[in-house]
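Please go over the structures that come below.
Look at the two complexes coming up: chain A is in both, with chain B in one and chain C in the other.
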Partner chain A sequence: MYAIITISIVAIIVLFFGAIQKKAPLLPIIYVGLPLAFLLHLLEWNKNIHYYNEMYIADNFSIAFNGVLIFTTLLVFIFAPVYYKPVNRPLEDIYALILFALVGGLIMTGFGNLLMLFVGIETLSLSLYILAGSKKFDPNSNEAAMKYFLTGSFASGFLLFGIALLYGASGSMNLEEIKQYVILHQANMPGMLTIGLILVAIGMSFKIGAAPFHFWAPDVYEGSPTLITTFMATVGKVAAIAAFFRLMQSSFGEVESIWKVTLTIFAIATILIGNLSAFYQDNVKRMFAYSGIAHAGYMLIAIIALKQEASGVLLLYSISYTIATITAFAVLILVREETGTFSIKAFNGLSKHNPTEAFAMTIAMLSLAGIPPLVGFAAKYNLFVSAIEQGNLPLVIVAIIGSMISVYYYIRPVIAMYANEPSATSAIDSSSNYKKQIILAAFLMIVLGLIPGVIVNLI
Partner chain B sequence: MIIVLLLVLPLLASLLLFTGKLGKHSRDFALIASLVEFAVALVAGYAFTFADNKILNLSLNLKQLLDIDIIIYIDSISLMMVMLTSLLIPIIIASNNNREVRNHNFYALILLMQMALIGVFTASEMILFYIFWELALMPVFLITAIWGGEDRKRISVKFLIYTVVGSFAMLIAILYLYTLTSPHSFSFESFYQLKLPYSVQVPVFLAFFLAFAIKIPLFPFHSWQAETYNVSPVQGSMFMAGIMLKMGLYGIIRFILPICPDVVAGGSLIFLPLILFGVIYGAIIAIRQPKLKKMIAFVSLSHVGIIALGLLSNNQYGIEGAILQMFSHGVNVVGFFLCYQMIVIRTGTDIISDLGGIASSAPRFATIFLIIVLANVALPFTNSFVGEFLILLGLFQSNVYIGVIAGLTIILGAVYMLKMYQQVMYGPQTIATQKFADLTTGEIMLFVPIIICIFWVGISPSFVLQLLQSAVN
Partner chain C sequence: MGSAITQFQIIPLQYYILFCSALFSIGVIGVLAKRNALVIFMSVELMLNSANLLLAAFSAYRNDPAGQIFVFFIMVVAAAEVAIGLALLVVVYRSTHSIDIYKLDRLKW
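Presenting the complex of A and B:
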């Protein structure tokens, strides 16, 4: 709760400074405010506090995921000055919207009531709709915003309709009370509840970008400003996954039979479509959109197969996906600045001039592909083992085949960086701060890959 | 403790090299590090020989922190592979002469690879094994992709795709077997205790076999091999032929033989004839091959096929001979690649018809090359003779037809080896070989350990075989 309050206050202060046209203090305030918010949040660790009639629950699950979201946002802000270098105005609107979106994400990880889930999703999504179109004079950005808004509000409609049906069936929006109702009526489930659950699942699948509701992702990712795409691909996705996990495990864990088949089909489709489509992309940004879809599929396995006690595995997966994606996008932003293109050719010979960035990008790619001993492997390994222990061998085999395909497209930028002749004539400038963050992220991917147990047993 | 040292030493040296702080001294540092590693391996071998139960092991329970248990275990088979690795790596590093200046990353990758290989040969926990197995792939892929010759991108990606497909098949098999263990555990012991029915053994065999057959490579999964050996820098080829493909053979010993015994006893489905075909096929192509490096690739294909036949012969002699031959083949093929490198450095070509008459101007080189060629032909008193003899004996006992046809390859081997040697070393000198300088003392030093191994194993194999016997049983 403290985190939500602190970040909201920081966002308002940022808006205030923007209103009086002061540029200098904006980022420092955010750099201090976000870690502070997380520290305050940590005070609630192990206490399992329920706020406002169980509207919001600060348990270890939500605190851990909020930590991921907050630090990812912090990284996005660290990359912001480089990305917005040519822009002279204070940019308070963009910063504040990112912070509000983060607040939405924080609400989604800890909701205790379906209404809060909806509020959280809408706070996150509405901010993202605007952010996607924040490059006002770029038609692609406008197109992305429009597409995202139209499809996104459609999905929100599904979600809301589903919530209404769930309420109609069980008479409550409280997760705990819905669970009691479900356990009581396990034998003959009312059709209204089943339909409501499926509609909610469809709405959530849209938000995480799972097939067959993934069509918005590539265009929106490609059209949005890259920094916003980074935010969308990491914070947006992880928050939605955490919310989905919480919803399914806390209320409907007892009635797997209703939703398991549907979600299994979604997961298989997502993994195959994501990986196979990424295979053909020459545009790195689009490739990441499809790779994000594929990873949503792997995370769906966590929702299908994990029990609530094993949520650490999902946490590890989220962390591994987030760090690798954000590192890759950070390098992509630099490369795009220099070459003006997102094509894979832009990476040609990067290792000659910018060995640090090339190294970090390689680590990120290998981690996403799941090559040991990086954190991506540890995450996949934990996920697959947990899924197999619950008897989901066919699903895991599909996932492994998907990973196999993914090695090819993740290795392409690596090849381009090391084996091709450089296309740029000089090194790409990056501030030392930027470089440090990239190295730190690469380092984290290696270290967490060696000691994943710390994360898995955290919550 | 000595096992930890074996693993950590190359890792630390490799990390230090990655930083690039050593600049020009990278090669010397890597060489010293690998020599120290060899000394440590010798100490480990000494400790092993005098240990009571002929086993060194180390077990750390770090489930909370690492999510896997570290179980490392050295028996005589592991020891032999560790010795092979730590013996060959100094040679591989030293063979990179000063004429080609290579980046510090090159040496860092070689040492990283060494660490991964030693991990593969000593791990006794499935996931640990898999981690090292995959880790060993990356350095050799990068070495080929960055420092390779023409068309290196396409070929290195092809190599990567082949091996990754195999690895993932193995991962599926491992995860499946894991569900059968009770209580759930990834340790080798718990996998060995599974008594699988035949119908389950078949798919498990297929998955493991795919992974190992690609790595070794065995016919019909070999099509990455010749191209990759050809395009990779010679150090990379030495790595792949000398050590990396032993990972696949080692995997057969560790997994296929104990986990799927009935399939092996039943003749390994249809694979024995296929491997046998690959052996003959490799030998015949080697006879007609115009380029020396590609020829070595096909010779290697033929030789490792015989080793795989020995392992799958389901006969004690066959298996013992195959394990011994794994060591011998590693030494011989690296020696062969060294000779190739000497020729290429001096003449700038490896097309056999462009060479000739080298023996008259370089007698020392001619002698050494002859020893290595004869070792590859499996002449008595060389190391290959013992191994191939035992393998053929085992094959005869298990299946006479396969034994007879496999015996033919010895003749074919003599044909392609001696034909090549005659064309390269004798006859009139050509433009390329007119100024062929003989080996310097430094270069001879490279060959010394190889020649010692060739004769030592060839003349008194009993020492090694006794060590192996207990493990094979």
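Presenting the complex of A and C:
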């Protein structure tokens, strides 16, 4: 709760400084405000506080995921000055919208009432619609924002109608009371509740970008400004997955039979479509969009197979996905600055000029592909082992096949960087500040890969 | 207030559910079939409002105000969504000189 309040206040202060045309203090305020919000949030650790009639629940699950979201946003803000170097205005609107979107994400991880789920999703989505179109005079950005808006509000309609039906069947929007109702009526579930649950699942699948509702993701990710894409692909996805996990495990964990088959089909389709489509992409940004879809599929396995007690595995997976994705996008921003293209050819010979960036990109790609000893491998290993223990062997086999396919397209930029001759003549200029963040992220991926147990047992 | 709820309950609950499902389906079909962005916005509004009506009906039948409170939240969000949607529409119109969503085909592989 304190984190939500702090970040909202920081966003309003940022807006205020922008209104009086002061550029210098904006980023320092954010750099101080976000860690402060996380520290205040940590005060609630292990206390399991329920706020406002269980509207918001600050348990260890939500605090841990909020930590991931806050630090991801912090990394995005650290890359912001490089990305927005040519822009002279204070940019308070974009920074404030990113912070408000983060607030929406924080609400989603800790909701205790379907009302808060809706409010959180909409706070996140409405901010992201505008951010996707924030490059006002770029037709691609306009188009991405329009597509995102249309599909996103369509998905919200499904989510809402599903919530209405759940409310009609169970008579409450509180997760705990819905759980009591479900346990009581386990033997003969009313059709209204089943339909409502499926509609909510469809709405959430839209938001996490799971097949067959993934079609918006590649276009939106490609057209949006790269920094916003980074934010969307990490914070947006992790928040939605955490909310989905919370909803399914805390209310409907007892009646797996009515949603397990649907979600299993979604997961298999997502893994196969994501990996196979990424296979033939030449645009690296679009490839990451499909890779994000594939990872949403792996995280769906966590929703299907894990019990609430094992949510640490999902946490580890989210961390491994976010760190690797952010590093990859950071290098992509640099390469794009220099060559002006997102094509895979832009990476040719990067290792000759910029060994640090090339190394970080390699680590990120290998971690996403799941090569030991990086954190991506530890995350996938823990996830698949837990899924097999719960008896989901066929699903895991599909996931492993998808994972094997993914190695091919993750290796392509690496080969371009190390084996091909450089096409750009000059070295890519990167400030030392930026370099430190990339090294830190690569370091985290290696260290977390060696000690995954710490995170798995955290919550 | 009591009389309003009794009047609400004259119509059986099934009728509300059927009516709202019909409205929702019209909205879904509108979004999928139409190519004018404004008509698609209207269809999305129809979907949201069918959920509103359903929530209000359930809430009246159960004498539980939570559903009606939710309706207020949905109305606020719908208003914000329309504001953003129309703003995006103006921006898109500036670049394509059309509000036909089939003209939005710059991004594909």
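Couple of notes before you dig in:
We adopt the following convention: the second predicted complex is superposed on the first by the 459 of 459 C-alpha atoms of A that agree within 3 Å, B and C clash if a C-alpha of one lies under 4 Å from a C-alpha of the other, contacts with A are read in each partner's own complex, and residues count from 1 in each chain.
Convention: a residue touches a chain if its C-beta (ideal position, glycine included) is under 8 Å from a C-beta of that chain, and two chains touch if they have at least 3 such contacts.
None of the values given here were measured: they were computed from a predicted structure.
In the overlay built on the shared chain, the residue A:122 is in contact with chain C alone; chain B does not reach it. In the superposition on chain A, A:164 makes contact with chain C only, while chain B stays out of contact range.
Using the contact criterion defined above for the overlaid structures, shared-chain residue A:153 touches chain C, although it does not reach chain B.
By the touch criterion defined above, A:182 lies against neither chain B nor chain C after alignment on the C-alpha atoms of chain A. In the overlay built on the shared chain, the residue A:143 is in contact with chain C alone; chain B does not reach it. When both complexes are overlaid on chain A, the residue A:411 reaches chain B alone and has no touch with chain C.
By the touch criterion stated above, A:385 is placed in contact with chain B alone, chain C being left untouched. Under the contact criterion defined above, no residue of chain A touches both chain B in one complex and chain C in the other. On the chain C side of its complex with chain A, the touching residues are 17, 20, 24, 27-28, 31, 37, 40, 44, 47-48, 50-51, 54-55, 58, 62, 64, 66-67, 69-70, 73-74, 77, 80-81, 84-85, 88-89, 91-92, 94-96, 101, 104, 106-109. Chain contact summary for the complex, chain B toward chain A: residues 62-67, 127, 130-132, 134-135, 137-138, 142, 145-146, 152-153, 156-157, 160-161, 164-165, 168, 171-172, 175-176, 178-179, 184.
Of all residues in chain A, only 366, 371-373, 377-378, 381-382, 384-385, 388-389, 391, 393, 396-397, 400-401, 403-404, 407-408, 411, 414-415, 418-420, 450-454, 456-457 touch chain B in the complex they form. Residues 115, 118-119, 122, 126, 129-130, 133, 136, 139-140, 142-147, 149-150, 153-154, 156-158, 160-161, 163-165, 167-168, 171-173, 192, 218-219, 222-223, 280-281, 283, 286 of chain A are the ones that touch chain C when the two sit in their complex.
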